[in-house]
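Please find the structures below.
Each of the next two complexes has chain A plus one more chain, namely chain B in the first and chain C in the second.
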Partner chain A sequence: MNGDKVLDAKGLSCPMPVVRAKKAMDELKSGQVLELHTTDSGATNDIPAWAKTAGHLVKEQSEENGVYKFWIQKG
Partner chain B sequence: MAVTKMNAKQLHDKIDSGQPVLLLDVRNQDDYNDWKIEGKNIQSVNIPYFEFLDENETTYKDLPKDAEIIVICAKGGSALMVAELLDEKGYKASYLEKGMLEWSQFYHPVTVADDGDMKLFQINRLAKGCLSYMVVSEGEAMIVDPNRHVEEYTSLAEKENANIVHIMDTHLHADHISGGQALANQTGARYYISSSEMQGADMSFEPLEEHTEIRFGAVRVKILTIPTPGHTPGSVSFLINDKYLLSGDTLFVGGLGRPDLGGKAKEWAQSLYETVFKKIALLPEDIIVLPAHYADIQEINEKGFVGATLGEIRRSNEIMRTENREQFTEKVAGTVGATPPNYEEIVDINRGVIKVTSDKATELEIGPNRCAVHHG
Partner chain C sequence: MENNKSTLVVFSGDLDKAIASFIIATGSAAMGNQVTMFFTFWGLNILRKEQYVPLQKSFMDKMFAKMLPRGPEKLGISKMNFGGLGAKMMKYTMKKKNITTLKELIEMAKELDIKMVACTMSMDVLGIKKEELIDGLEYAGVASYLAEANEANINLFI
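Let's turn to the complex of A and B:
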């Protein structure tokens, strides 16, 4: 799956992955997809919880070698 | 104004002072519902940190301006962010510097008994609901069910001018990593556990079943080991001076130990039945039961420790009076709920079969305790 925008938040710890994701999302149009990369294990629960609150949709997520990837569609 | 940072001990002192404490937990709702800081005088509010990212006054509507708000998150980062936002808006904000991570490693010792010849401490690891014990007599100490932050025990023993000479686990723990072996290595004390708990283990230990009585100190501190299988096949309890029963995970203030963690719930429930009605039943009503866990802050008594007389426990737990074997089995094997997180891995660590780094150990242990069963 390809995102309209890729945000590399690797190495950042909580709350920065969500803070950056929110900023990036503000610049997208409804229906566009943000691809987020993070190494913060806390994000696996926080990103979906934030997306739900903000009205976005997590279309897909994966984990590989400690890097968590999310594809989030703007609501 | 600036935000004040707080460590776990400072937070606990505040809670312990009996004053009302307002906690704002900014973790996501699932993590909060799974595990949070609780106390009789604590008011706890959950607003996830990401809700503060939008300028929205309704987010703040339940927060008072005239009281101190202590912000909590998983590791401290989000709590600091929210505390600073609150501070900018004129709230009195402080935050727990290392979050639930630090809280999970905080221990609080309480004196249960001081009989002159013998002193008994309960060491409460609040976040996990894990209880361990130190018995001191004439410069010698015994530690029961130590958790893995062993400096808590060495510093307490030092304060009491005592050498740790005996270390025991009542059983092979499934919810937290034992500090028994590490503490033994550090102090030169003997580490005891039942052999049946350690099949396939890769560490040395003193077989507990070969010791029916252990004495230490110039004064007579008598400890009987009573096999009390049920929660695990090799669970034991220790009766100290015929007065205090360190009951491990067999008997709790609020119920019995769960028998299902070995995959043989029905079979182990039978052992638990025998233990309750053929062994514990023989003990006097007025002995004080001191378990290895608690599940609810209501179990902390007015003296500040978790414990109750055997008579009180019998009266308040119907399961202790359910003498019909079938009904008993049905109840204890049927109502156990979620298993402790990562318990299979933790059991392997406690047997010495696998070794993990301190960071990994912290991660495995995070979350609440799930060794007790509540029988409704």
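Let's turn to the complex of A and C:
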């Protein structure tokens, strides 16, 4: 899956992944997809929780070698 | 998406509690909420400028100004502070583990348009003047806090 924008939040700790994701989302239009990469192990719960509250949709997520990737569609 | 509100009363001037407050505040703002932080009593120390501001003050106010920490770099931690050594160790280990610092969190809070309010009554008690606090603050009292809290669905006291 390809995102309209890729956000590299690797190495950042809570709350920075969601803060950066929010800022990146502000620059997208509704329906566009943000691809987020993070190494924060809380992200598997955190990013979906953030997306739900902020009104976005997690289309897909994966984990490989400690890097968590999310494809989030702007609501 | 309706616009929800969160408020935090930051009473504590401990480094660990200040970090927790700003993490929750910036996180909430990232989730699309309107966030207001009220700083009262020891919490005001978080907002003090690091440099000394020369002002006309009473003897007691001068004593307070000397004894209370000036800004985020000078705060102690609520447990195991050991006269400041604990806070130094905590900052060292947090830096090594790439945890966002309190200073960065405060900057982030400003960028996210979090409203930061200083309690004027506490400022009077501690002899803290507006000139000694960082820019971009609002000044208010309990009624403003309660008015905001009434409209918010997350209200924390830290």
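The rule we apply is simple: the second predicted complex is superposed on the first by the 75 of 75 C-alpha atoms of A that agree within 3 Å, B and C clash if a C-alpha of one lies under 4 Å from a C-alpha of the other, contacts with A are read in each partner's own complex, and residues count from 1 in each chain.
Following the convention adopted for this analysis, a residue touches a chain if its C-beta (ideal position, glycine included) is under 8 Å from a C-beta of that chain, and two chains touch if they have at least 3 such contacts.
Please read all numbers here as calculations on a predicted model, not as lab measurements.
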Touched partner set for A:Ala54, first chain B, second chain C, both or neither: both
Touched partner set for A:Ser13, first chain B, second chain C, both or neither: both
Touching partner for A:Lys22 - first (chain B), second (chain C), both, neither: both
Contacts of A:Ser30 with chain B and chain C, given as first, second, both or neither: neither
Which of chain B and chain C A:Gly75 touches, first, second, both or neither: second
Touching partner for A:Gly42 - first (chain B), second (chain C), both, neither: first
Where chain A meets both chain C and chain B, residue numbers: 13-16, 18-19, 22, 50, 53-54
Chain C contact footprint on chain A (complex, rising order): 11-16, 18-19, 21-22, 50, 53-55, 75
In the complex with chain A, residue positions of chain B that touch it: 28-31, 48-51, 53, 73-75, 77-78, 81, 363
Interface residues, chain A side, partner chain B - complex: 13-16, 18-19, 22, 41-42, 45-46, 49-50, 53-54
Parts of chain C lying in touch with chain A, wherever the complex brings them together: 1, 23, 26-27, 29-32, 97-100, 108, 112
